[in-house]
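One chain, subunit A, appears in both complexes that follow, with subunit B as partner in the first and subunit C in the second.
Up next, the complex of A and B:
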């Protein structure tokens, strides 16, 4: 079995984080997605509930919107990472190196997930400033743990998507299609209880679903039973990682066979 | 043992055409390639655009799978043992792509040093050496998006050499460079050969192959037409003379008349900025000049030159006088 060089793996993970930060810091599109989209989403969703005289849903709307921004940010940037590598002609060079591409992808996805936490902060700030909502988080420690687990889980999901995107130059188009079903299936835009029963299995395998439940529970009450939510998020993260590992080997083979690494 | 060995190597691209009535189409990029390249050799692969040069380079560099046949690098199969081959090879493509434009030259090299899992101490020594060797030290801290084409190309080579590979693939490295930058790059390539590297170079510049390579393979339409030393290839046209006639607008039927003349071996047309250059390979070409000019009566002729054949002429004879734009 091939020995893994842990030091080298950590170095390339860190390098990829830094590279992604530099690339993103000067991307106007990314900054717009990160900074302005949460504000617009919050104004629309919280405003909708308030207009419908359902102020109790204010917190639900804000956590849901925050998660939409995190998910959106991660999904788009997963597609964008591959697109950028393809466009700059570095995708094939990374694949030609001894480092496994998922390590590079993991570092870049992690940076996206970390920066997308900012979107959650912007969502809360918009809710407080624009609607003067009395938003208090009942259990800040559990809320924070939940947020960290969501970031890890969505990073792992980004790895699955990123692996798939190696196959195609149309990743951004597929992301557009995938975005809205996830908002709905995860209960981020409407409560899960309003969705038909047959959609539940799909909701269960999406990390944003459990993230939404965790954040709402920890924000609303102290001492809520959060263990099932934690276990689901940890379990899903492991599942995504295993799936990404299996998927990537197949995807790499298919991409090398099709000769599609440099198409963009 | 050969560093590179291929036998019956074939690569077919599958594509589809049409929207409603989709038709599958197969494009044969490589068709039965047999090659054997020795350690320390500077081997050139010469061919027109679309001949299959890049496809062959990518297969040998383990980033494209062959459809059938054998391809081995260091005695290892490129499809089954890619992970063992990759740390031992370097890959350099021509053109603007292949660098992170928002990173500095030094950071690009550092990133690729880490991708090749070099120990930090070794990379720390190697990066300044390579920057110096490529004449990039003074601008190493600048983002590469501000580099000239020649600087980018030199950085590409530094990137390809970062892990000190035994075998280097250079895919049209001088394409698009100005003559001075191209000459500097050729000097770098010769230096690498002297340092004992095995180099697989593709190009469609004949003089480059003539000046650099130990052996040259001529590839056309996915097939290798000949493999030999540049001097042996030139002997293919040693009994010929080349008549170059530069003129304004040659009707195709006149070209056909010249091509079918009994003394003519091959004809090539180069399209220049305002004129066309007719290159005619013929036995006793100088004596036939008058006959050629008679055929071209009515065409405005700018210049007529008779010269000895070069490797380029051997190439034209081999690939059948495909038109190229310069």
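Up next, the complex of A and C:
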């Protein structure tokens, strides 16, 4: 049985976090999706609800937009991490090194997810400044716990996508088609009741769906029963991790058997 | 005139070849079409949740046009930017030929793609969401849709010309594309915006064109929407002229400095 050196693993995880932070800090695209996109999406979603004379949906639209930004950042950067490594010529080196690639990917995805929490603050600030919405979070502690759980869960989902993206040069293309279905299926700014019933199983396996429910419940009322939401997010995180592990083993096997990543 | 036409057709051939290289059938049908339909669907659902079927219909028409605008903004910026990254900017400078007809030709595949995007979005979402739109009136709106797309393309050209040296073109186009959903009355009427924001929207392409498109789809005559069409055409000419001046200035500056690295 392979022994895991916890100290070395943590060091690699930490170094990946630091490296990713530096890369993101100078990435204009990342900064834009983090800082500007939440503002624009909040203007669109809250503006549409206010025009439709549904100001009560303001908070729902804002938390939804915050999660859209968190998901968007994670999705784009999952693709970007692999794409950048490939273009820098370091993807093969990382795969061939004794360090497990998922640890590197985990560190990088986690950094993106943590940073993207800022987007949630920006959506709230936009709602307050642009629309003068009287926004308050009824239960800030539960809201924060929900936010941390959703970030962890989305990071795990990023690992699944990251593993898949190793086998394609078109990751960035696939990302463009993967964001809007998740917004719709997770009910981000759009009520799930608009969707046909057969879509519910797809919604249920997406972490943003439960994150959205948790954040809305904790923002609107104190003492809500959030346990089912917490359990769903924890369960989904474990499921994503297992799926990422299986996928990565398969991807690693394919890459090592081919002796090259050039064919993908 | 014949030389200019030949240059234009050369540009069209180049743009088509680049499109075929970039978009394989798998990418086009598996990624591009689903993305355009799903993006529109999200914003239409948002409108439906906010204002019911009436606002959903409003948003569907707006977003079907917006998706073309979104792509054409990016594509027009790329027409300029590609010259730099493909290393062909120096040939544009050195060649005695007029660069304008060739650059216009290089935009044609993107205009075609934008029109296909709008058509497919209407074709998929109208039956899927059971929205009432008269097909004859929709066909009558096609010239106006083309004018609006061309107008947005002129803005893309301007961004391309200006951002050659700052390298933020892609970002500006992307953010502006989404911002236009608010400023140009895509998801909810332009008249609902605050006065200052309306002034900003007035100066952008798409705003007036979309008002004309909506009116014609609802059965209005061309004559009744002439002021909006005229305004949209005027805005298109203004942005195109600014783009022409900015790009010509950029080429002149490059000739004077004798270096491409700063462009």
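Odds and ends about this structure:
Everything below uses one rule, namely that the second predicted complex is superposed on the first by the 254 of 264 C-alpha atoms of A that agree within 3 Å, B and C clash if a C-alpha of one lies under 4 Å from a C-alpha of the other, contacts with A are read in each partner's own complex, and residues count from 1 in each chain.
Everything that follows uses one rule, which is that contacts are C-beta pairs under 8 Å (C-beta built on N, C-alpha and C of every residue); 3 or more make two chains touch, one makes a residue touch a chain.
This structure is a prediction, so every number in the text was calculated from the model and none was measured.
Once the two complexes are laid over each other on the shared chain, residue contacts for A:48 go to subunit C alone; subunit B is not touched.
In the superposed model, A:181 lies in contact with subunit C only, and not with subunit B. Using the contact criterion defined above for the overlaid structures, shared-chain residue A:194 touches subunit C, although it does not reach subunit B. By the document's definition of touching, of the two partners only subunit C reaches A:32; subunit B does not. Note: no residue of subunit A belongs to the subunit B contact set and to the subunit C contact set alike, using the contact criterion stated above.
Subunit A contributes residues 28-29, 32, 36-37, 40-41, 43-45, 47-49, 51-54, 57, 170, 173-174, 176-177, 180-181, 183-184, 189-191, 194 to its touches with subunit C in the complex.
On the side of subunit C, the complex with subunit A involves touching residues 27, 30-31, 34-35, 38-39, 41-43, 45-52, 55, 59, 168, 170-171, 174-175, 178-179, 181-182, 187-189, 192.
Those residues of subunit A lying in contact with subunit B across their complex are 2, 5, 8, 11-12, 15, 19, 22-23, 26, 87-90, 92-99, 104, 253, 256-257, 259, 261. Of all the residues in subunit B, the ones that touch subunit A in their complex are 13, 55, 58, 61-65, 83, 86-87, 89, 91, 93, 95, 97-103, 110-112, 114-117, 120, 159.
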